[in-house]
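Per-chain residue numbering starts at 1, and chain names A, B, C, D, E, F, G, H, I and J are given in the order in which the chains are listed.
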Amino acid sequence: GVTELGSNETHYSDDYDPSVLETFVNKHPQNDYLVTFDGYEFTSLCPKTGQPDFANVFISYIPTEKMVESKSLKLYLFSFRNHGDFHEDCMNIILDDLYKLMNPKYIEVLGLFTPRGGISIYPFVNRVNPAFETEELSNLAFQRKLHFLGNVQSYGRAIR
Amino acid sequence: GVTELGSNETHYSDDYDPSVLETFVNKHPQNDYLVTFDGYEFTSLCPKTGQPDFANVFISYIPTEKMVESKSLKLYLFSFRNHGDFHEDCMNIILDDLYKLMNPKYIEVLGLFTPRGGISIYPFVNRVNPAFETEELSNLAFQRKLHFLGNVQSYGRAIR
Amino acid sequence: GVTELGSNETHYSDDYDPSVLETFVNKHPQNDYLVTFDGYEFTSLCPKTGQPDFANVFISYIPTEKMVESKSLKLYLFSFRNHGDFHEDCMNIILDDLYKLMNPKYIEVLGLFTPRGGISIYPFVNRVNPAFETEELSNLAFQRKLHFLGNVQSYGRAIR
Amino acid sequence: GVTELGSNETHYSDDYDPSVLETFVNKHPQNDYLVTFDGYEFTSLCPKTGQPDFANVFISYIPTEKMVESKSLKLYLFSFRNHGDFHEDCMNIILDDLYKLMNPKYIEVLGLFTPRGGISIYPFVNRVNPAFETEELSNLAFQRKLHFLGNVQSYGRAIR
Amino acid sequence: GVTELGSNETHYSDDYDPSVLETFVNKHPQNDYLVTFDGYEFTSLCPKTGQPDFANVFISYIPTEKMVESKSLKLYLFSFRNHGDFHEDCMNIILDDLYKLMNPKYIEVLGLFTPRGGISIYPFVNRVNPAFETEELSNLAFQRKLHFLGNVQSYGRAIR
Amino acid sequence: GVTELGSNETHYSDDYDPSVLETFVNKHPQNDYLVTFDGYEFTSLCPKTGQPDFANVFISYIPTEKMVESKSLKLYLFSFRNHGDFHEDCMNIILDDLYKLMNPKYIEVLGLFTPRGGISIYPFVNRVNPAFETEELSNLAFQRKLHFLGNVQSYGRAIR
Amino acid sequence: GVTELGSNETHYSDDYDPSVLETFVNKHPQNDYLVTFDGYEFTSLCPKTGQPDFANVFISYIPTEKMVESKSLKLYLFSFRNHGDFHEDCMNIILDDLYKLMNPKYIEVLGLFTPRGGISIYPFVNRVNPAFETEELSNLAFQRKLHFLGNVQSYGRAIR
Amino acid sequence: GVTELGSNETHYSDDYDPSVLETFVNKHPQNDYLVTFDGYEFTSLCPKTGQPDFANVFISYIPTEKMVESKSLKLYLFSFRNHGDFHEDCMNIILDDLYKLMNPKYIEVLGLFTPRGGISIYPFVNRVNPAFETEELSNLAFQRKLHFLGNVQSYGRAIR
Amino acid sequence: GVTELGSNETHYSDDYDPSVLETFVNKHPQNDYLVTFDGYEFTSLCPKTGQPDFANVFISYIPTEKMVESKSLKLYLFSFRNHGDFHEDCMNIILDDLYKLMNPKYIEVLGLFTPRGGISIYPFVNRVNPAFETEELSNLAFQRKLHFLGNVQSYGRAIR
Amino acid sequence: GVTELGSNETHYSDDYDPSVLETFVNKHPQNDYLVTFDGYEFTSLCPKTGQPDFANVFISYIPTEKMVESKSLKLYLFSFRNHGDFHEDCMNIILDDLYKLMNPKYIEVLGLFTPRGGISIYPFVNRVNPAFETEELSNLAFQRKLHFLGNVQSYGRAIR
């Protein structure tokens, strides 16, 4: 009986692969809709040492016409598993790929990495889409930086 | 003696049913009154897989003349139990139904869904009533988006 | 020996009784002074079912000339013990009574009620005194609504 | 619409009333079954000062033929609301009443009372039914005392 | 793109269904192996009121030759979703079904149910397999009851 | 108005004073009754430096005929406020005084002191009454030492 | 051996004594420097009942030329130990004394007092130095009041 | 500058590789010495779906003559990164490999895996070395199973 | 085997040494990129008593062309280990050194020091680079001060 | 003013130095007295890499005639600051030194070290004094090992 359950043919990429990302149509474009993904099983490789790195990655955005499908996002994040890049670069790459995919009004990516040698690194990147830029969205992007800084003393425990 | 306790004739709907919602009169319309409901037993079905989803749903609003009665709200949220819709759509539907019911000055709905495959989704929707729109309410709606984003790293533990 | 300790003649009211409230003189009127009371043993009765309700009630204000004495406030809150009123009405009544008593520049009342049927209700009311209204106080009243909304996902655990 | 919801005719006693307790039949008497009730809205009156006291009351037992019905237990605990007795006596009375009602193999009652004057009192009472006494149950009663003592430093935060 | 991801043909039962349970072979029968499942999305219906109940269900066992497959266990627990039974009965039924399925040396089931009317119920059932009974396993079953009782004051927060 | 509330004539001692302790009669001597006091506002003086020390003091006992009255215990603990003695000695003195007062079957005193120079001290003392010594009580005293040791890594956060 | 360690000749005052406060020179006057003291062992006496009160006192300021030396601040806070004043007055006195001592650009004092009779009081006082007043500092003083109010529901657990 | 820091030539295996494990000599064989490793970055692949699994792995042992070197243990755990095996098998394999490596008196391995579909799996394996078996060690192995079961309700939050 | 692992030739300075700091090129200068370091193993010496001090140091900045390499930052922070300077001075020195190294748009340093004598000190310093000063960055620097003040009551537990 | 406060002539050793340890006389030798030290600022050097290590060290013992003076213990623990030894060796050395100093009935040392490369090491050592060995003390030493193992999954968060 059990083997039937295993007939899951999802393909897990061997390396970083943005082509696995898929979208679906936003049915509520009239709203300033926010969606957040809490990806707490992110892992990549250090490009210098080959050592695995681990992070809790948070992705938030305001959609326009397209939204990222969550299972494809899972596969995309998993594709970093055997990929070597610095913490900061991984977060920028994720932001870039999702920005290209969805053309969102606003997007941000935050990575809370577990410590190495008594120090943890937490990169935060965000971007306002120039095609939709308003004073409000610019302010939102600015305020989000503030919020990130305002919470740094709580991240250490959050990623334990 | 126990059987008498069971004569509770509340009807629980078999499927999504906004008609169970009831209202009562706001006795304090002169105040900018806020009411929040913390519905931590929300469950619906995934429209693609049929798998149950679970969430903590937060609903907040500023009333005008009518307020939603809490027991009817409970029945309404329970009516999603055998209903299939995406996380994002459920939150939008709740917002729409309550908006129609109460004509509030402001309303917001937040869903903290438990993870699937190492990723959690948290949709947040809010709306200002154009008939009561002020610069203050517009600002409130904007600031609420910020607050939502500013707390994402704490939701994972909150829904455990 | 012990019986002497019991000669505490404080009177506990049988029902809601604002007349037990007492004040003392604010010795620091030149400051925009804030005082908060955290009343975590509030209980009242549901007017429809007679069932007891429990809440953590927070009261904050900026005094003018008079301040509420804390022991009399305790007696006042205890006077709701056998009194039947809805969650929202109890919070409004407390705000009204203390406003009349102290004529404060600003006052707010927040009630975190324990759940019934998987839903908790959290009402929040505040008021700026028109006689002292400034742009700053209006802003404070607005910002306080925002703060209340921004914390709703943490209240459930706080009242456990 | 709302008034129909209010037709809940549950009677809430004016004073301590063990007659509200009801039982149902244990369908699994072959098991050493354990049931625990976590009653976190207990309140009574201090017999000396009339001041309300608040506690989190935990009741656990191993059934024989009868089990206490949970809604009737709620009504029973609520009947202490206007009743005056010391912390220790309340816990003993609850144990006695439930013992008489159910004739359990084992029963225990623990009360975590909120502080008065910087000191909290936590009474713990348990009893083995002589008709069912075994070395194992005697040991269980003894070990439960140990467990109670072993956790005292965590109760203060638990009742906040 | 997305629709392909949806071709998940897992069947979710309309009602309680132990036939979905599947097993696989224990590859380490020489060890006193322990496996625990933490099922934090359990929901059933109250047989008297039709109201949904929610619980965190913990299942632990020592295998002999067969082990329960985790995805089939998920489907089994989900089959209680539209099934009406008391808290205590649900936990006993789960124990019985898994005992029959796996013939384990030892098995236990614990349910932490969310509160109704200010009271939570936590049933705990366990069983030693007579075919494998030893003094050690009997002691384990006894000690497990003790552990359950010793932790009751922490469950309330755990299920929030 | 307010001054009347102040007519509390409780006397607070200038120095350590066991004579303030009072007792009342144990109405349940047939039970092995446990009572715990959580005194989280204990402060004394260091006999060498005069510097105030702060602790959370836990007192637990099994009564015989007399029980310590809680308000008198509060006054007794407060009488250490201007008294100089080492951490270890304070805990022993409290145990001795209460033992003399109540002649309990068992008593223990635990002090969780706040740190000085990066180190905290936690003394634990207990005693079985020889007049009531049983194998069970001796075992309890031994097990209590174990429990104390088993929790040391949690005390630091508990006293913050 | 040990007695040599005891030759600590620090003088602890018998009563409230601002003369123990000492300052040192701010080496970074070009920065808008912030310093916070977390004094979690504050205790004073209630002027009406003589009962000791306990608080966690937070002091924050932006220095000009002088900064308070931390050990002298410790002695100053300890001098309230046998001094009788209301919660609100103690916090104002501390603010006044430190303001006179340091002539800071901005200063604030917050007291989180442990509960009495189920109610806790939390006073918050702050002041901008008129000699250095800017729109930014006025805004800071205003925003700090908001922050204080926005956190009241978390203080109860913080002081346990 | 930076590139020099990168000259870390540690080799990270492409697949499961027990040959990376290294030992050093136990300098305290006369003690019943315990060493615990808390490996909170464990990840492997599901053999059926290829999906990555994540766990917090705890390894504890009593050494005889050899002890596992911690950096080599890190490399060993990392070698599961691209290896497919069930949760239960991974934990058994780790126990087997370390047992062969060190010939310890006692060893245990616990895996707290993150949830899949609302269920988490926690396997626990331990073994007493027959060459060193005593009644005490057998008891320890038994008690450790009990401890594992007694903590299951806390693991869910621990791995978030 | 093990000794090969030890051939780590990293040099740890005997005293404060900013020359160990290294940089790498910012690959994303078009973004207002934020990077935070959570250095929770900081220790220095008190210049007056020689006593070690311990802190959790948080460093955040917006890069221009150069970024600090994390391993060199670790060595730099470790170089304070045998260096004597006041809490406030250490934080200023770190800010100055990193500002010189990277010429960032914005930088801040926060130190959460463990208590001495019942008082903890938390210095916070930040700076906007005049070459990049905008209204937004000035506002950010101001708002960061507010955030620091708004969190002081949570730091005590964070550093335990 | 301030400089006088600095005349603290405590000597801090440059390297590991057990000669700083001092004792005082146990005034309660008739009791099985327990004393625990929670030293949360322990730091040493890795003998292979020179990298600083950090730990929370817990020391517990039952005294005979002599007790370690706490300030001298602080100096002793600080003497490891520039000393290179493995985690396991440091804990053994501390146990040996304190055993020689005090000749205790029982002593134990536990070190919770912060992680390196995603793994934390927690050594635990204890010893019964043969001159005072009883069945009870042997049992205590055994049970303490069990307790240590039973808590390993909580240490990671405790040392953050």
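As a working rule, contacts are C-beta pairs under 8 Å (C-beta built on N, C-alpha and C of every residue); 3 or more make two chains touch, one makes a residue touch a chain.
Please read these numbers as outputs of a predicted model, since none were measured by experiment.
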item: Chain of greatest Cα-centre distance to chain H; value: C
item: Superposing rotation of chain C relative to chain F, computed on C-alpha atoms, to nearest 5°; value: 180
item: Identified repeat of the C-D interface (over half of residue pairs identical), from B-C, E-H or A-H; value: A-H
item: Copies chain E and chain C - interface residue numbers shared by over half, same or different; value: same
item: Where chain A and chain B are represented by their mean Cα positions, the distance between them in whole Å; value: 26
item: Averaged-CA centre spacing for the pair chain H and chain F, given as whole angstrom; value: 43
item: Multi-chain contact residues (two or more partners), chain I; value: 5, 40-41, 51-52, 54, 71, 114-118, 150, 154-157, 160
item: Chain F partner contacts - residues on chain G that touch it in the complex; value: 5-6, 8, 10-12, 40-41, 43, 45, 48-52, 54, 78, 81-82, 114, 160
item: Chain H contact footprint on chain E (complex, rising order); value: 27-28, 31-41, 56, 58, 60, 67, 70-71, 73-74, 77, 108, 110, 112, 136, 139-140, 143-144, 147, 150-151, 154-155, 158
item: Contact set on chain E toward chain C in their complex; value: 51-52, 54, 114-118, 156-157, 160
item: Residue numbers on chain D that touch chain F, as the complex places them; value: 88-89, 92, 115-127, 141-142, 145-146, 148-150, 152-157
